[in-house]
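Each of the next two complexes has subunit A plus one other chain: subunit B in the first, subunit C in the second.
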Partner chain A sequence: MDFSIIKTGNDSKKKHYSAAIIGSGPAGLAAAIYLGRSKVETAVFEKVVPGGYVVNVEKIENYPGFAEGIAGEKLGSLYAKHAEKFGAKILTEEVIGLKLNDKPFLIETSSGAYSSDSIILATGTSTKKLGVPGEEEFTHKGISFCATCDAPFFEGENITVIGAGNSGVQESLYLSRFAKHITIVELLDHSTAEPILVDRLKEADKIDLLVSHCVVGFSGEKMLNSVEIKNITNGEIKKLEVKGAFIYAGEVPNNELIKDSLELDDRGFIVTDERLRTSVNGVFAAGDVRNTPLRQIATSVGDGAIAGHEAYKFLEGIK
Partner chain B sequence: MSLISEEDRKYLKEEFGKNLKREVNLLYLKREKNESEYSKQTIKLLEELASLNDNLSLTVENCGDSDRMRIEGLTLCPSIKVKSERNGFINFYGVPAGHEFVSLIEGIKDMGSDNLSLPEDVVKGSQEIKEPVDIKVFITLSCPYCPGAVRTAHQLSLANKNVKASMVDANYFQELSIKYEVSSVPHIIVNDKKSFVGNMPPKMFLDKIKEALE
Partner chain C sequence: MTIKVYTSSSCPYCMRVKKFLKEHGIKFKEINVSRYPEAAKELKRKTGQTGVPVILFGNHKVVGFDEGKLRRFLNIR
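Let's look at the complex of A and B:
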């Protein structure tokens, strides 16, 4: 059993910060490190746990410096400690409203209200829903979006994973320690995961990859017991008898807070320039939530560094 | 070897020093005869915690001891109940390790102080609940979303003495997880009847509790 602490605060009496970062994933915490070292009073708002989505990843193998891999939870904790060392305040409060039309910017959270002179949005993405019959009904009744959270409930069961990208394949390998058998359903005619992951998938005897298929429905009684899939080549429909379905079929930006106040691209990602400035002066975006060609921890950290530096320059300019 | 690292011990000493203004007792009710590794590790953890502040103490008893569970308002064994003179039912069925360790620490700090981090409208809204409410938050120790739900439930208990709130380790209490059809966590059961899933802001959490009571 592990007993270690990730330090967070929610008892802050301070209500105004020079910089507010929304989201404490790799982008948010990298920005916090750069701002902290520039002596900028910085708050990082996090609704779950420092590290963001990274903490859900069992092992990260493509982040430079960790050739043997590092647990996502550990990496998230290291980022948080690093940011705190340079003075950033991590607040475990969910941001539920942002007002960007006047300065200072106003931040409404689940516990109170704050203001800031600059904002960095690092809210990341969420798993895209499939939009097929039965999905809403059986969400949390067999359909899950978090393998590390829910894998034990499917010990010895047949399950399916939707999507054979990096996340789908990596999570399938993790889930195979619990499940009896896994069928990965992929719309394309191949997996888009890194070749090294595809090799591991081929070696895994409990996992089958079914390409050129899409999910057309989920069914069951009180709990999920089958998934209907369609062969997109010949239109044939068949049923997979499964107790669990984990969905990793793409991502949507977490843009609810700013969708009416910032310029977005046609998929809803925040549009930035190369200095990660958004359409509102003093507001920056970093990591997966912006229109970036690659969504990885390494690219998010790079984004965080640029956004932190640019926010510092912006704040210096207005002083 | 200590279960809590030297760095964390130092941090916890500071935190308890700042927050424990009154005595807090950790009551561990364990299964009789069961000196499993699970039970031994739990006792060791709680002993380590209790050694960090003079206002923090540990009591270990058996669940079957003289009607102890009924008196404490508990229904599952083993449990760790965090007690003080402050009103509130902060309880853990199973061991709050992994992501849940922070829930135990925050619960200790809350019971030793007058901390209440809920927004005012949620405190007021929670006080409208006049009937007894039992909230069980089913979690897994690897779930990063779960401590938020556990903490909100415990905070509601501090805001209204009609509310009892417990964390339940879904893996340890497997039969109960099956009974309540838990397949995603955090899974919140209200009065053993209604349920909802997910971590959410306190206001929404309270609304879900109230909906479940209708």
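Let's look at the complex of A and C:
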């Protein structure tokens, strides 16, 4: 990591910020709103588009204020505009390195290098891969991790969705508009989705739920043709003949940047106290990437508010 | 040479690819498979891909937002 090009001070191209937020999902942008209103010069780094994972969600129904639901893409865009209104600078640059052992903290991105007096990590989670044979080979050749992106490729086909949590059930309901039939494969003996989603699942005539099964492999020639599943109660293995598989079998924290510099829990989530402070003074964590009992948009927004407020207090303390 | 970008309506990486190409002044033809389901079938048949974004130009194919590959193939510094 080469941080030698960092300059601080009043350069024409600003490279130093009082607060840097890594990730522009609900947590990151809520923190940016609070910091902006506290008149803190804030940069938000985002590698894809503002909104984070929310942008992938077709319709969000459990976020207060939107009883009829709101498209994730729309909500993400509203968050970004709100943060920018109060002065946050959203930079579409992937952060590829962080140096947290000295102040100011140093940030290397795909386009340059920056420094900051405080950092809020809001990097979220990624869909957990199954780690079974054929998964890599058939990714984007039948296997997908984004229903709203790739559903049109499975018009009239038999497909499977792996995982019957909130995401798996919600995305299955969306995919049923395209697919001929969907088999949801769930490791547990029941769905862990919200009861309202489970009711909808029961009413959906194109979707079956197969519990107590796990995926042991993906097969095909050039493209996916079948998924091997195992009954975990009797060990029986059988094949599902499907052209598509959407994987929603849990999440892993996006912790690559900080896994060697911050305290993590046994699953790799960032450990924080109730004020969202991490093990490094001046570095905060908010949203899905931290060890929290619930990962929802509403809880991420709450985290963002706390982290933004705490970062402001931290900065005031050192000024 | 025409650059074709296959996208869908709610795909974050498709938005990122379009933003990147626009930032570098590169013209492209967008084909949205959500609006044109036949294009999804055509892409699947031609390339074996069941996901977007896919960027095609000449003999090159880039799947997803791969900034390094895009820079290299399009000669962007």
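Quick note on the criterion: the second predicted complex is superposed on the first by the 307 of 319 C-alpha atoms of A that agree within 3 Å, B and C clash if a C-alpha of one lies under 4 Å from a C-alpha of the other, contacts with A are read in each partner's own complex, and residues count from 1 in each chain.
Please note the rule applied: contacts are C-beta pairs under 8 Å (C-beta built on N, C-alpha and C of every residue); 3 or more make two chains touch, one makes a residue touch a chain.
Source: prediction; values computed, not measured.
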Q.
Looking at A:Ala298, would you say it contacts subunit B, subunit C, both, or neither? Reply first, second, both or neither.
A. neither
Q: Mind working out whether A:Lys141 is in touch with subunit B, subunit C, both or neither, as first, second, both or neither?
A: both
Q: Using the superposition on chain A described above, determine whether A:Ile196 touches subunit B (first), subunit C (second), both, or neither.
A: neither
Q. So, A:Val48: does it touch subunit B (first), subunit C (second), both, or neither?
A. both
Q: Check the residue A:Asp150 against both partner chains and state whether it touches subunit B (first), subunit C (second), both, or neither.
A: both
Q. Once the shared chain is lined up, is A:Ile237 touching subunit B (first), subunit C (second), both, or neither of them?
A. neither
**Q.** Dominant toucher of subunit A (residue count), subunit B or subunit C
**A.** B
Q: Return first, second, both or neither, reflecting whether A:Thr92 touches subunit B, subunit C, both chains, or no partner chain.
A: both
Q.
For A:Asn56, using the defined touch cut-off, is the partner it touches subunit B, subunit C, both, or neither? Pick first, second, both or neither.
A. both
Q: Using the superposition described at the top, list the residues of subunit A that contact subunit B and also contact subunit C.
A: 47-49, 51, 55-56, 73, 92, 110, 139-142, 144, 146, 148-150, 152-154, 222-223, 244
Q: In the complex, go through subunit C and note every residue touching subunit A.
A: 8-16, 19, 33-34, 37, 40-41, 43-44, 48-52, 63-65, 67
Q: Show which residues of subunit A lie in contact with subunit C when the two form their complex.
A: 47-49, 51, 55-56, 58, 71-73, 92, 110, 139-142, 144, 146, 148-155, 222-224, 244
Q: Going by the contact rule at the top, pick out the subunit A residues touching subunit B in the complex.
A: 1-8, 10-11, 47-49, 51, 55-56, 73, 92, 94, 96, 110-112, 139-142, 144, 146, 148-150, 152-154, 222-223, 244
Q | Parts of subunit B lying in touch with subunit A, wherever the complex brings them together | A | 3-5, 8, 11-12, 41, 45, 95, 97-99, 101-102, 105, 115, 117-119, 140-148, 170-171, 177, 181-185, 187, 197-199, 201-203
